[in-house]
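Accompanying notes for the structure given below.
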């Protein structure tokens, strides 16, 4: 049964993958590494990114045109989060998940 | 302990109240009334509104400046949802929750 | 980076897949089909299943032993939802997603 | 419009209040205080508590009998989280929110 477009389904997968990666990385890698990994601004950004990715996936699955504006916000947060993870280092999986998600969310927001 | 501003806390309450009202109204009133209350476009809009309100509350509680853009999207969805509930009728509680949420989210997005 | 066990990661994927399938199916197939597909008890069960699957995935990703009890509840809800979808018919994708999720959640709750 | 019982509505409020308090406290107080406040086990417990409280509220609002088992799990997590916050100290608001939520969730699970 085809319920949402293949392009949107792929964006949902990237959002849920970014959500998973941000939660796992913050709750395992960051809390265990400590130091700059638990700096309030960095940790809150990762948590915000997880929350918005999960919501963007939900709204695409529900299927209203409001996903466009939400995907634009999601792309911005993912870009910021990916940059911050790269700056801090040792979080390549998260950097890549954020970039992939930002890219497809950007294209869904057009 | 003061962790977020009183203005933001009040917006969080309005978002969670709108979330609660949209879920309860759709899952009880709308499913039981049937007809235009379960028209796909209307029901999806209420579900989208609930989801975005919950995410906006979460991001304000987490505390990053990204709440601004998310609150702007939330205000738009709440306005649409409130108008649609008014058009369909017999959902005054939801109309009011959406308007209150739209108004404070609009002011948080500035 | 290995943060959660392969078995748990596989359960997370099944939970998120069941979440996706329940939301998409209820918001597209059920709302468009109408009739018994929007019967309050059926629709609420699908919505409950989606919500619990998403929470079970989150708690496994966060990584506390409380996932065990939550996975037990998730398995029960998925079994009920899968049976109800089978009884109503024409929702084979959802039946299968619920069963796969119930099975792995059951094994994670031991 | 009466959609869920007054007792259940009160439990929903306690769950959402506990959710809010756990997120705010972990993301502001704990990240800023550091040390034992960001010990992985403590921080993950607070995050788990927030997630389960939010899901329990959602399932009560949706309105299926599955809320009973979920409220039982929620009560257990809230008790653990309240005790851990008390042990660490300086989180009285969170201790009280967890206890209130545990108590009403316990009574909803009977």
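First chain written, first letter: the chains are A, B, C and D, and each begins at residue 1.
Everything below uses one rule, namely that a contact is a pair of C-beta atoms (placed from the backbone, for glycine too) under 8 Å apart; a residue touches a chain by one contact, two chains touch by 3 or more.
If you want to know which protein each chain is, UniProt gives these names: A, B, C, D = Four-helix bundle copper-binding protein.
This one's a predicted model, so the numbers in the text were calculated from it and none came from an experiment.
> What chains do chain A and chain B have as common neighbours?
Touching chain A as well as chain B, we find C, D.
> If you take the mean of the Cα atoms for each chain, which one ends up farthest from chain B?
Max centre-to-centre separation from chain B belongs to C.
> Calculate how many whole Å lie between the centre of chain B and the centre of chain D, each centre taken as the average of the chain's C-alpha atoms.
Here chain B and chain D have centroids separated by 22 Å.
> Mind pulling the residue numbers of chain B that touch at least two other chains?
Chain B, residues with two or more chain partners: 27-28, 44, 47, 54, 58, 62-63.
> Assign the assembly's chain-to-chain touch graph to one of these shapes: line, ring, star, complete, other.
complete
> Okay, in this complex, where on chain A does chain C touch?
Of all residues in chain A, those touching chain C are 1, 3-4, 12, 16, 20, 23-25, 27-29, 54, 57-58, 61-63, 93.
> Could you please specify the touching residues of chain B with respect to chain A in the complex?
41, 44-45, 47-48, 51-52, 54-55, 58-59, 62-64, 66, 69-70, 72-73, 76-77, 80
> Using the touch definition from the top, list the residues of chain C that touch chain B in their complex.
That would be residues 27-28, 31-32, 34, 38-40, 43-44, 47 of chain C.
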